[in-house]
Structure formats: C-alpha cells, structure tokens
Amino acid sequence: MRIGVFICHCGSNIGGTVDCARVAELSRAFPDVVYADDPMYTCAEPGQAAIEAAIHEHRLDGVVVASCTPRMHEPTFRRTVERAGLNRYMFEMANIREHVSWIGKDKEANTNKAAELVLMAVEKLRRNTPLTPKSFDITKKVLIIGGGVAGIQAALDCADGGVPVVLVEREATIGGKMAKLDKTFPTVDCSACILGPKMVDVAQHPNITLYAYAEVEDISGYVGNFSVKIRKKAAYVDWSKCTGCGACTEKCPARKTPDAFNELTGPTTAINIAFPQAIPKKAVINAAHCRQLSKGKCGVCAKVCPTGAIRYDMEDEIVTEEVGSIVAATGYDLMDWTVYSEYGGGKYPDVITSLQYERLLSASGPTGGHILRPSDGREPKSVVFIQCVGSRDKSVGRPYCSGFCCMYTAKQAVLTKDHIPDSQSWVFYMDIRAPGKMYDEFTRRAVEEYGTEYIRGRVSAIYPDGKGQYVVMGVDTLLGQPVEIKADLVVLAVGIEASKGASQLAEKLRISYDQYGFFMESHVKLKPVETNTAGVFLAGVCQGAKDIPASVAQGSAAAAKVLALFARDKLESDPQIAQVDMRRCVNCGKCIRCCPFGAIKEVEMRGEGKAQVIETVCQGCGLCTATCPQGAIQLSHATDNQILAEVNALCQC
Amino acid sequence: MNKVTDISSLRDPAFTAAVQADSGQDVTTCYQCGNCTAGCPASFAYDRQVSQIMRGVQLGLKDEVLNTRSIWMCLSCSTCSLRCPNNIDVAAVMETLRHMARKEGRVTVPKVEKFWFSFLDTVRVFGRTYEIGTMALYMLRSLRIFTDLDLAPEALKKRKLGLIPHAIPRQDVPDDGARAVGRIMQRYRQRALREGVRP
Amino acid sequence: MPVLEGKELRIVGFLCNWCSYGGADTAGVARAGQPTDLRIIRVPCSGRIDPLFIVKALLGGADGVLVSGCHPRDCHYAAGNFYARRRLEVLKQFLPVLGIDERRFEYTWVSASEGQRWQQVVTVFTERIHQLGRAPRFDDAEPLLKLADMALTSLRPLGTGQTAALDELKDAIRAKLPELDCVIGWQQGYDAAHTVPLFIRKPEDVDKLVWGPFNVNNPAVYLPSFKGKKVGIVVKGCDSRSVVELLQENLIRREDVTIFALPCEGTLDMARVNEKLGRYQRIDSVSLDEAGATIVADGTEHRFCMTEYAQGKCYGCTTPAAVLADTRLGTPTPVQPGTVVPPELALLDSMSLEERMAFWRGQMERCLRCYACRNACPMCVCRDFCISDSRNPHWMSQEDSPREKLFFQTIHAMHLAGRCTGCGECQRACPVGIPILALRQQIARAVAQLFDGYRPGLDPAAVPPLLGYEVEEKNIHERDWK
Amino acid sequence: MSVVSFAYYPGCSAKGSSADYERSTRTVCGLLDICLEELPGWNCCGSTPAHAVDTELSAALCVRNLDIAAQCGAKTVLTPCPSCLSNLRHAGRRMATPEFRARVNELLDAPAAETLPEVTSVMQGIARQYDKAALTARVKKPLTGLRLGAYYGCLMSRPADLMDFGDPENPTLMEEMLTACGAEVVDFPLKTSCCGASFGIPERPMTARNSAKILDLAVNMGLDALVVACPLCQMNLDLRQKQAAKSAGTTFDLPVPYFTQLLGLALGAPTDQLGLDKLCVSLDGLLKKAEGGQQCG
Amino acid sequence: MSMIRFVTADGLPGFLAHLAKDGQRVLVPVEKPANKPSVVFEPWQEGKAFTLAKATVPPKEAVLPQCETLFSFKKAKDPADPARVSLQLEEAPPPPPTVVFACRPCDARGFAVLDRPYLHGPFADPCYKARREALTVITLTCASGCNTCFCHWVGGGPSSPEGSDVLMTAIEGGYVLQAITPRGEACLAASALPDGAEVFPRAEEARKAAWQSLEPAPDLKDAPQRLAALFTDTTFWQEQTDRCLSCGACTYFCPTCYCFNITDEGEGLSEKGGRRLRSWDNCMSSLFTREASGHNPRNAKALRMRNRVSHKFATYPENWGSFSCNGCGRCISNCPVCLDIRAIVLAALEKGADA
C-alpha cells in the first residue's frame, strides 16, 4: 500500500503543543507510508487540495489525516479522497487535537502521543478495504413528536413540502407552552393571535395526521424505515362524535378538578376542553376526578352530550405508523421550584411561577385577564419578580441559564404596569440576558417607560409579615447592602428542564441526552438540528433552552432536514456493517441471538445452516463480531484484525 | 470607602489559595449574586458585606479582607452557606478568615475576642462554663462594667445565673475532670506557640 | 513505539464512538487537562469490544486498559453496552487468576456531554496505573510449579457403580437402537484399566458397553458432529450437563437425541491412577468393589479407593444423576448441599498475583499446542475454525512462547464463559498435565457470583448469561470515580 | 413501651441559665420512659468561642466527652442544646480524617477511641421512640386552644447533612410534637433565623435587632407563645426580650418556653417539675388559656 | 569392540557437566511436577534435577523445534523518499552443538526416520542439517516394554542402536556407555569416565533380559500393501476413527512426524522486526489440507487418520524402505481417547487377510 499522512497544525490549536513537523517526520518511517506532510489547515480548501494533489502525485491508495476529532471532519476528508479517486473508506483519522493538543501541555509527550496515534491509524488503514454502500427504499413520511410551536412549525413546513406528517401530542390540545402565554416579547403581541392560526392550519392540512392525547410507545427500525407504535390514551370521549360544543363541561359536577392548562391557578371540571382555541377542540375526561369513573355514579356528561360521544369504557389504543424520519420537539417543563424552602416551598399562595402569572394575565385564564392575588383576590400593588429560580443554581442541580426568563420577566413587568397603573414592579436579577433583536431595547423600556425597578442581586428568603404582605429579603449588590421589599405578589422566573419523559423517549429514539434530559445534537455548532441517529432531528427547547423565534427557526430547520432527506428516492446504507465469512461460520447462532436489530438471519448454504447479515438492517455496532467465537462475522472497517493492529501498534513487548 | 484600589499590585493569589485550602471551598465558583448578604442577620453590623468579602478573597485582597470588622461580627449561623447557589460554605470561609486574622494578630474587634477568651478561661479553670465568671472576666478585659447590668435583677431573681461555679464534680472522674480540660487548653496553647501562631 | 520512559505508562483505551469518544472530545473542547498516557482506540460500540482485545493488550505490555461506553440505557445501538457490561465484568473477575491485577483494567460509562466526567475518569485511572507502576511482564516471570492438593471431601458418597442397572440399560438401548444411527457409550480400551468411547451401531455392540469408574470420557463431545442424525447417548451426571448446554445453544436438537442415564458414583482420576501404576506391560486383573478398584499390573497390586482417587470435579459434583434423560435407571445418589472449591482453583486462590503469573509461565512452557484440550471440550463449537490457528482474524501467531500459549487458554476460557459445565475434559486431555481447568473454574465462579448462582448446563431453556442482559444488573455496580 | 436509656450530655447552660430546660427535659424523658444517664465528668464543648478560635481546640474539648461516652459503651449521646450538638457532631465527623484525628489526639491525655458514639438532640431522641400517634397517646392534658409557633434557631438544622433534621429551611419535628400535644401550631416563617447568638454580651445590638425581628413576626402572627429548643435562643428571646423591644421601639410580652416545658404540661407533669418559674415572661396567661381550651374541648 | 565406558549413578551429573562444557547444549529429561507429571527434555544446568524415565515428549525438538525462526528481517526506509524501502535479512544463528541425553532407543530411531526426508532426499533441509550435524545422541536402553509401546513390532527394540551415538545401559551400581558411532567414540573419549569393558557383559545381559520380557510381536510385513489396499475403504477408516477428536496429540508427541507450516509474523519496520517461522503442523487437523479456495480434500477425520496411518506404515516404507513409526507408543498414551494405532494396523492386516 502507498499511504499519505497529513499532520494538521490547525493553526496553533495543534501546532502550539504538538511538534507537527516531527510527527510527520516520524510518520515517514511507518509501514507503507510514502508521503507525509504537516499543513497549517488541512480542512481548509488549500489543505484538501493538497491531499488530492498528493494522492495523484504519489499514487497514494490510502490517506491518514491527523487533526481534530473524526466526529467532526471524517466525512469531509472522506469526500476529499473520493474526489481524488480513492474509495472513501481508504481513509483514517488520528485525533491529535481534542485527544492530544487540547488536553496536554507537555510538548514532548504530546508529540510522541500524536505519532503513536498516527501509527495506530496507519496500521488500521493498511487493513482497510474499499467499501461500497447499498441503496434501499424509504418511507417518505415523518413523525413529529410534540405539538408545541416548534413541532407545529416543523409539521406545517414538512406538510407544505408535500411530506405526510404524523404529529403526536401528549396533551389533549396542541399549542404547547406558547398557547398558555398571554403576550410575547419584545412586541407584546397576543400569543393566541399569532399561534392560533398555525394551530388551525395543522388541523386542516391534508398532509397532517394529528394524534393528540397520545404518546410514542415504541420505535424500531432505522433511517428511512422506522416503525412507530403510538398509544392513543383513553379520553373517554369518542372524538369522532364530539363537536366541542362544551355542553358537558357546563354540567359536569366535579368542579374542583385541578386545571393543568391553567397551571393550577384555578379549578376546572372533570370533563374539560383545555381552552377555547384548543386544537383539536375535543373534550377529555380526567378519570381521577370524574365521579362516574372514580366512584361509578354520575353520568351527567353522557346524559347531556348531544351526540352521544361519551364512552366511559374507553381504553388506550395502540396504532402503528411507518415513517422515514422523526423530529423530536418535546419542549420543556418548569423545574420543581418547591425545593426552594426559603421561598416558602409552595406554602405561600401569593408566591407563584411566571407561567402561572401568564395565566393570570391571560383573558382566557381563571381571572379573565385581571391580575388578582390567589390568596385574597386583591389587586397587588407591589409585585416582586425574582429571576433565576432554578437557573444558574448549582445548589439545586440547575447550573444552566434558561435563556428566556430575563425577557419574559421584563414583559410581565410591563404588562403589570399596563394592568395596574399604580403598581410598582421590582425585579431581582443577576445579569440581564437580552441578546436578541430588539430585546435589550425592550428591557430598557421596562425600566425607562414602565418604571420597573431592577435590583441586582438574589433573594435570600421570602416570608409573610403576618399582616397580608410578604417580606422579600434580597440584596442590592450595586448598593452593597441587603434590601427588604414588602410585596403583595411574588413571581418566580422558574428555570426550565427537559419535559417529563424526555430521557425515556431518547432511549426509544436511541439518541443521547445530557444530564438534565435535553437531547444531544450531533454537533453543538455545526449540526444543531441533527442527532447522532440518522433520520432523527430536533426542534425547539427539547435540545436546549431557546425562545419562540429560535424554536420556530429550529422547527423549520428540522423540516428542511426532513425534506432534504426525502428529496432522494433511495438512501444509501452505511457499508460499515457486519459480514459473514460463510466458510468459517458454524451456525452456532450466537450472533442471531444477540443482534439488537434482528439484522442476522439463518440461511441454508449447500445443506448447511449459515448466518447472513441483512445489509440494510445492520447498524454496524459489531456486537456480533465480539460474540462470534470463531471470528466468522466481521464488522467491516472495525474488523478484529484492524483493532488488533491498533493494539499491536501499542503493545508489543 | 472612596479610595481607588490598585488591584494589580495588591492582588495576592497565595492568600486566595490559602483560604481555599483551609476552608475547603472553591471561591472561584462565586458569581457575586449576593445571596449571602441578602440573608445575613449580621449584615447591619458589617463594614464590608459578606459578598464583598468573598469578592475580596477572589481578588486576593488580603488586608482588605482580614482587617474587616465583619469577620468578627459573623454569627456563624450558616444562613449564607445554606442559600448559596454555588454550594459554597461561606460561613466556613468566614471562619477561616477569622482564624487567619487571629493567628496573624489582627483583631479588628477586640471585644469579641475578649469575650471568647473570658469564656474559655472559665472552661480552662472549671472544665465547664461559669456564666458569672465569664461576665466578670469580660468586664475586666473590656473595661465595660455596664454590660447587661439591666438584666441582672431579672437574671438573679430567676436564678438564671449560678453564683457558684459548677465545675466538673471531682467524684465523677478518677482524674480531676477540670484539670484534664485545663491540660487540653494548655497543650493547645503550647502547640500554637510552637507553630508560631497566636493561640 | 516505546513508552516515554519515566514519564508515561502504556494505557490503552477502547471507546465507543457515540458516547465516550464524544465525551473525550467534549473534554478536549473544554481544554480539560488530562494525563497523556492514554491511547484511544475508537470502536463503534462497547459491545464491539471483545474482552480478548483487553487480554491481548495486557499480555502484550499494556500497563492499563480502560473501556468506556454509553451509559446503560443510552446505547446508540440499544443494547450493546448491556452485553459489554456483563462480558467486561466477567473479564475483570477473570484477570486475577492469570496473575493480572484487575485494577489494571476498568470499564465505565461516559456520555458525549460528560467532558468533565471523562477528565475525571482518565485522571483517576491514570493515577491508579501510575500507583500500580509498570505491569509485570509475563515473559519476565520466573517459572513456578506447584501442586494442587487433592485431599478432598466429597459432597456425596463415591463408589464404583457396582449396583448400577447396566443390564437394564443395555436392554433399553437394544430396544431403542433400531430408531437410532448410533448410541455413544464406553467400552474397554487397550487394557482393562482404560475405557474409551464406544459407538454402538449394531445390537451386538451393546455387549461391549461398560459402566464404572473408568468411564472418564465425556461422550457429549461427539454430539454436534451427529447434528441432524438420530443419536443416543449414555451419560454420567456431568456429561448430561454438557448435553443440556448443547441443547441450550441449539447446537443439537432435543428430538434428535435420546439420553440414557445411570446415576454416577464418581470416576477415577486416570492421571493419578496411571502415575501410581507406573510403567507396566500387562494388566493382570481389575476388580471393583463398592469402595474402589484393585488393579494388578505385572504382578503388583494397586488399590484405588474412590474417596482418594476420584477426579477433582467429582468431589464437588452436585449432579451425579443426569440433569436431563429419556431413560433413567437406578436410584439417584444423595447429595449434601454445599460447595467445594475445586482443587485446581483452590491452588490458584492460595497464590499471590505474582505467583500466579509465575505459575502459568512455568506451566505453559511445556505446552505443545496440540489442542487436545480444545478438541476434547464438548463446548468448543468452532472445531475446524478456531481463531487460534487463523490468519483472518489473526489473533495468534504460531510462536511457541508461553505467553502465546496462555493467550490461547484465555481465548478458550473466555469463549466458555457462562457455558463451561466444568466437565474437566480439557485438563484430562492435556498430555503434559497442565491444570488449565482452573481458568475455566474461575470463569464459572465469576459467572455464578454475578448472575445469581447461574450454573451452565442445568436448564435447556435458560439464556446463557453472556448472550443476554438485564437492564439493571443486580450484582454489577458502576464504580466510583472519585 | 419498655424503658430505653441514652447517654446524656446536658451542656453547661443546663447548670446555669437554662436549668429549666434541663429540669423539663429530665421530667419529660422520665414520663416517656427514656432514661438519661449523664456522662461522668463531662466538660464544656467549647461552644462558639472555641471553634471561633480554633477548630482543633474545639474538637479536642468535644472529643473528650465523646471518648467518655465511648468508654461507657454508649452508642448514642443525647443533648438538649443545639450548640453542643453541632460542636459534638462536627468533632465526631472531623475525627474520621486521620490527619485531623492525629492533631486532636495530640491535645488529649490519651488518644480517643476509634469508634465514637453518635450524638443526637433530645428532640430527635424522643422522636425516635415516639411517633406522633404514640406521643398523642401519652398526652394527659392537651394544649387545646393554644396558638403556637415553633422556633428552632439557626444551629439546629444546619448544615443539613450533619444535623439530619430534614429540610434545613423548614424543619417540622417540633411542630409535629406540639400538634401531638393538641396545640394549634402555625408555620413560623423565621423558624431558622438567627437570634443573634452569643453576641448578647459583646455586641448587644446584634441580638437585640435579630431577636426583635423574630418576636415582631411572632406577635404579628398572633402567637400565644414562641416555643424554642435552644438555651441561647431562649435567653435572647426571653431574658433579653426587653432589650429587643427597646431596639425596635416597641414592647413585647411573648412567652418563650422550651418545647420540653410544653411537652411536660401536656404529659401532665406538675408545673414545679418543669422550671416554669425561671421564665422571664410568665406562662400563666397561656396556662389559663390552655385550661379554658381544655374545658371547651 | 567399540569404546565402552562406565559411570556410576552418582557420576552422572559430573558426566553431564563435562558434556555441557564449551557451551554444548545438553538436553536431559526433566520431570515437571503436576498431578499428571510429565517428562520433557530441557537444557541441563548445574544442579538441575533430571530423571531417566521415558520422556512424555520426545527429543524431536533437538532437530525440529516446535517453532523455529528460519530468518528474521528488518526494513529500512530512505528518509529522503519514504517509498523506498530496503529489506535486510538476518539468518538464524547457527544451532548450538547439542547432546540428547537419556532418550530411549525409539527416540533415537526417530532421528533416523527424520533424517531420510530431511537429509537423504533430493534436497537437504539446511536448518535441519545444521542441527542434526551438531547433535550427539546418548540413548538409555529400556529394561522392559510397557503397555503402550511396541518398538519391536516395527524393527526396533529395547536396545536398538539405530540413531544413537552412544548406548547407555543400566546395571547395578551405574551405567555402561557404549559408543555406536565415531561421534559417540569421540564423545566418550573426551570424557574422563573409566573404561567399562569389564562390566559390559552385565549390560548385555540386561539388554537380553529386556528383549525377553517383551510380548511376542505380530508380523507387520504385509502392512504396507494391506493398508494401501484399504485406501478406498472409507467405512473401515470411519469405524477406526469414530472416537478421534482431531487434536494434534498423536502427531505432536510423535518422534517421527515431521510436517511443518510456515508463517510470517511481525513487521519489518517494527523494532522487533519480522520473522519467518517454521512450526509443526498436524495432519489430524482439518486445516492441514484446507486449500485457499476453501476446498479440503481431507475434510473427514477418517481420511486424515487414513493419511497418518498410511504414511507411517505404507507410503513412507514405499519411499524409504522402513516404517516411519518407531513404536514408542506416545500417540496411544497421550491420546485423550486412547486411540490405538496398533489396533488400526492389526485391523487392516486382519481385514486384508479376510479379503
């Protein structure tokens, strides 16, 4: 073999702590290496051109690039060698940036380590074989999980692009958190007015199948051919008959049912339609509070329903959908702020969350859009907003910034002044994060036009003063003094966390998630919509904190990814899959037994049973290779001999 | 207050490191939210707020920090530690600073230290606290005769303060208990002197 | 390339591409400083990691091996790490019997987001390896030879099968023979003190069948070669476990096999019998009584009491009666509850790590790589395609170094993990008497301990432990990285 | 229930300023079949002054007591005083560090026992034997009609991992006990605020202001009494109540009894065995109210 | 009469020390303690315990090691043009002069069997030749036969001198050493051992007694032709090999099996360099005849057994005029299933007689 080695300086990123020229020099002594160079930036256009030129000039049939992580540029360089006429798998990378130059300061050790990593790559490359992908048919249909604004946007864009969409929403209505908001920053326009039409579009779009009050039960398959089981939860109402007239909700006697849509700021009925603009506008019975379902006597709704839609005997139903791609848009939940005992831990009725405050502000909320204290229904005159409750707080395990609280707090302060002109708002903050378009201007308006007092510091404790008000013990670090404020109402900007069940869904999707449950994108900067599982994309806050415009943008971005994927009629399967050496196979069946994908079947060959890999099903994990005792099944590009060559490059005493 | 601090020359990284090592706290994680100050029951008696002291430690401003009244007025109630969003045991930092100041002989609020010594003196002699004794010693030390005199009638009436020192009864332990305590204090004192710190 | 003398030690890492390799990248992006010793080999999944790679590295001069994959439940391939966890844990418990400090091998889980955790893992592991220092090299060990203590007490009475229902058995075989291609049993070998496998094809062959303490061979070894044919087999209790294990792995079909069983009262350790008989030309007589055998050779009488001369495995045997049988004759032998540490394993247990390495160094010198051990093993299913003599994959060379030979024993032992029934044929077959059974016994002990006392060959319906997993492993716990 | 016995460390104030706490503790434990065996020859834990001066000195003073308990074979030591509890527990924990242990042993007459007993508060000790229902079953004179607040002070519940009192911001054990005694217990938001501690002598405004804040809220909430578990808190809130009132420019008349005193009343102990006479703000009004409640109830 | 020397039992170590001087490798039987003890040939060292028991493993290693490096190679790259690689061969060092001490007549005859193909055919194997020419064989005659050995069936016997340079026979009080070849004479002449002509008759008596103790041997002269006739009778071979496990115990412990395999290991560029290895091969293994295409002319173990037995008792005699089996019986005693080559040959004779 004739191998070329390229040791990238990556500017000073590698060159700063690795003697790249020395590594190149050492590489020239490695087996089959006929050319080695140390370019400044290998991934840049000139760097790639140099590789192509070297392939031609030195008749290379294999290339090793030592630079950053292969998770970043392996595809780039594979295309490079392909352009120069090599098979793309005749290429290996040595990671001398993330694994060497960035983590060690000792230049001698780094240089030696880099050379060894190159040697390992060379030894592996010498055992590489050209691989050719196979193509397979795909199902051009997309599953979108979550019907918040990000999921809605992704659904509409996909549907408009001609792709059939299956939209699954856990709640009885789509709309997500945005549907609960009164107004949106920085324009202070009505949330329902801008989201409502999109929700209606979802309901009416011929390409969209909506499963509301449903959850994804199980996902199998792979990009292009996923099979999804969806659990349609029992609503106890036949939605094909329900017209959303609301007669049932008027007569329902269980009037103390907690109202999740209103963030528990007021009660509702056991049979309920979340809010007037709900999509689908269908009733759902809360079984735990329904007298008929919990105690077996009532049946009022069934009596009053004009279409006979009530079905107390309804059970969950599982439906299966075949799709080619999946967009996860599961959004977020507020963290459980009651861990803050110093803020009463939920004991004080007038210490509420900002989302609850939205419901108090909203005309469709329990107070009809009037700000009234939950404790006594009085209009508050002194409202204290506390930011970063459960954000940037390691002591409650939430060290990250929730991203949008600064902005909505400013908005809520503005709205408070609008609603109650003689009120005074106070905002305790640590830093104001307002980097969006018109954002900083908006926060300034809250101060300059609406007289909101921003106090730089956290709040140590809140307690009722025994006379109807709350003492807020804070600090003004700019003043260098502790401060106390008597408040009528305290609104906590509670931090966000991944929505409930996010990690379980990630496991079903076989995607990664961080320790807080947010889904991992493929690359934090360059692949923010992709996941490491082909065909699965992310939209909205499920990937990390972001506001509405960013969520909508990512919804559209995910849709673009889906449309791009479906622009092809066939997909190419990764050829890095297992292959059976039929002669070695003794048909012991161990590989078939442990393959997680059912990608190995038994076939008959000349009267003997043999294992055979189904190429489009195999995902290339190599479990079979590690299992097969006689080494008859080998994972291409990670064969026993290739890994042994890497081991032997290091361990040959 | 109104002075310009030349941070570049006053900065003492070794001081920051020493505080971190002795207290076991990573002060770099403090992001100056001020929550310690917000909850501090002694803040009104401070010349520098606790969050400002944390800032001083971060910057390595040794004199600024060790010469404060605040480290002497700290109540050790740990409210700051409890509420710190970065899990810093701020009270431990304050106590460390107090120990450092004392060992260097910097006692900005001598009366507090005098009270401690008065207390510990009775313990050394009797093995247990002797409240009247403590007060008497403290009055001697601080030359403040009128301390709490307003309470005396009530306290005496209710026999709140024992007039007789309640030392460790001799019959309780084979070796005189009070003397054992005295020996502990004595050893401590000798060791401190040997190690060159103020006992 | 050699390690940087005085600075580094040789540490090899195997990281899954999706989580831990990404985690190491994340650490790099965060400039999370780490010791430089580690060299990372990127594999698609921790499930891809054959534990033998790790042994290969450790025997080849690695001072430490670190494996990291996705956290349980987070595997990119759904379950690869669940399998890896079991296999790697078994390996970890196996290494000490070779004389390798198990602390030199560690496995853990690091996700792509856990750069800090990765930094911690690398730092802690590297520190640990530096504390342990350079790994002792197998080739440097001074050979040490020690003997297993065979003075053992048995869990059940040992005898010579005097009252066994041999005639009824013969009748049963005769009756069944027309339906079968062959029935495998035992017959007298080159003299009366040795038996060999018998293949009964004709009714008159049945008369050759013998039963007694000389029936040492495990006839189950022949079953897979009869796959697809109807075959009968006469078994001792231990042999029946091999049959069950073969059934469990679908290497034979239940409907093809007819099992004849007599309760076994123990078999003789022919190694020690031959040793005592010494060089002789003729066996004059062999007489059996309930307690043992009396052999007269070249006019000299030798007495072999079963309690003294049984095979090592017989003392701890809890399955003198067949686990599975179609025709079962005679009354089963009672077994006391309890466990006996097999003598070979007890010997290894009594040694320090250094001594164990020296022990194997000494034992392996005389191995000729004849592979009698492998071929006598009923669970060695690869047969003609063993990776020990293959170039692709190229696990082993033809070199005759003790290290290479021990590596083969490790391959065999690891491939038997969760499958070895402890029949001991490997060791019995070894012409030069290397106590290789100890390696299998250690694996079996680890499997039993990790998987709730699992013993291979008892239940044809059980899933072999290393071909299955539990999402929550009861006895495998994530290690602390502080 | 059979009699259980614990080693007992009264703390110095028990012999002086909080003799009533000591008295009522012993009475209540007696009524509850909890035998308290006072450690022979115990010494002062060093309180705040010792640890303010030096951690090792503080630990040495504490460990001497723990060592005595260990010699007596005690597994658990009860103490009524949160300050003593905190010091003893801190010392016990720090002794797990070999270097620290060595430094402390240098100060002692003889090296301390390897295993030192655990220390717990009298309150937790009682709760370990009696859950709410079991306590209610022992109540002879319920405190019906009394509106009480529970005040723990700053030391009792923190640091949380050391003091083991549940939520350090919101301990509820005392409330449970008082509720078991039949009183109406309202959640007192400043239950873990600092009263000013031992600064009463060197820096009177410290105790005065902090105590005033607590007393003020208690009065605003309409409490009949603020129940305490700490000798120092009790002194600051009761003996120094006038100082506090003066600093706040107001007057207070709020009884501040120990929880053991109220427990004793509920369990039917004679008032003279509870040291009620030592309280500066008398409980008389309260007692009358309770009796009235009992009559009504 | 040839040179005769005598050595007392106590004098053996001294004699070995004499042999070992000048760096000569003296391979002596050494017992390896185990529950199944084995005896292997190992280089003698001062103070090292040895035995005179028949070895489990024959001394074939002296001339045909289990694995030998034929040569090693290193590659060097031209720093100016890494594509230019020069290869440097390193011949294996010349073998040390070796004495095999106290092997048995069957073992010594083994060397004679190996000599024919390796030295007397159209091509002499240089590696073998070098080792063989540096070899002195001192053989201890057997006092008796044993249950598995049958040297006298195949032309040997308990005191057969074939292949030996010196024959050594135990008599009371010591051993009589008889030079058989000039090399043996030189060996004895150089020693300080006293003359043993006086006691030689006692040695002859012992040898005679050994011969007399043997069971009568069957006549195998028809074996080559009978076996050849059975070549196509696969049923015969299947019946004979039912219990064979296809391991290599019979061939690897055989003093006359000489098949080998050649593999290259290692990299010319690595520090250790590359090695061309010659290692024993085993005709009982399926791999022995597996072709690159995957086709295997001896797929069944019966066919492989046919090869082994036929080679020893038919084709080798056809080529070289004598059996290649020397009747040491190790293939029987070491076989995990006690497969008995004697029985196969006898069955072939019987079957041929029937026909």
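The chains carry the letters A, B, C, D and E, assigned in the order they are written, with residues numbered from 1 in each.
The criterion applied here is as follows: contacts are C-beta pairs under 8 Å (C-beta built on N, C-alpha and C of every residue); 3 or more make two chains touch, one makes a residue touch a chain.
Bear in mind the structure is a predicted one, so any value in this text is a computation, not a measurement.
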item	value
Chains contacting each of chain A and chain B, listed by label	D
Of A-D and B-D, whichever chain pair has more C-beta contact pairs	B-D
Distance between chain centroids, defined by C-alpha means - chain B, chain C (Å)	67
Separation of chain C from chain D, taking each centre as the mean of its C-alpha atoms, in whole Å	64
Mean-CA-position distance for chain E and chain D (Å)	93
Averaged-CA centre spacing for the pair chain E and chain C, given as whole angstrom	32
In chain D, residues with contacts to at least two other chains	168-169
Of all residues in chain C, the ones touching two or more other chains	383
Multi-partner residues of chain A (at least 2 other chains)	342, 583, 652
All chain pairs that touch each other	A-B, A-C, A-D, A-E, B-D, C-E
Sites on chain E touched by chain C in the complex	32-38, 40, 53-54, 56-57, 65-67, 144-148, 213-215, 242-243, 245-249, 251-253, 261, 263, 265, 271, 277, 279-280, 282, 285-287, 290, 332-334, 336-340, 342-343
Contact footprint of chain A on chain E as seen in their complex	75, 77, 79, 81-83, 267-272, 294
Chain C residues touching chain A - in the complex, by the definition given at the top	1, 4, 7-8, 10, 12, 17-19, 21-22, 24-25, 27-29, 31-36, 39-45, 47-50, 53, 56-57, 60-62, 70, 73-80, 83-84, 87, 111-114, 119, 137, 139, 249-251, 381-383, 385-387, 390, 392-395, 415, 467-468
Chain A partner contacts - residues on chain B that touch it in the complex	29, 31-40, 43, 49, 51-52, 79, 82-87
Touching residues (chain side chain A, partner chain C) in the complex	69-72, 95, 97-100, 102-106, 108-110, 112-113, 115-117, 119-120, 506-507, 510, 512-515, 520, 532-533, 576, 581, 583-584, 586, 588-590, 593-594, 596-597, 619-623, 625-627, 629-632, 634-635, 638-641, 643-644, 646-653
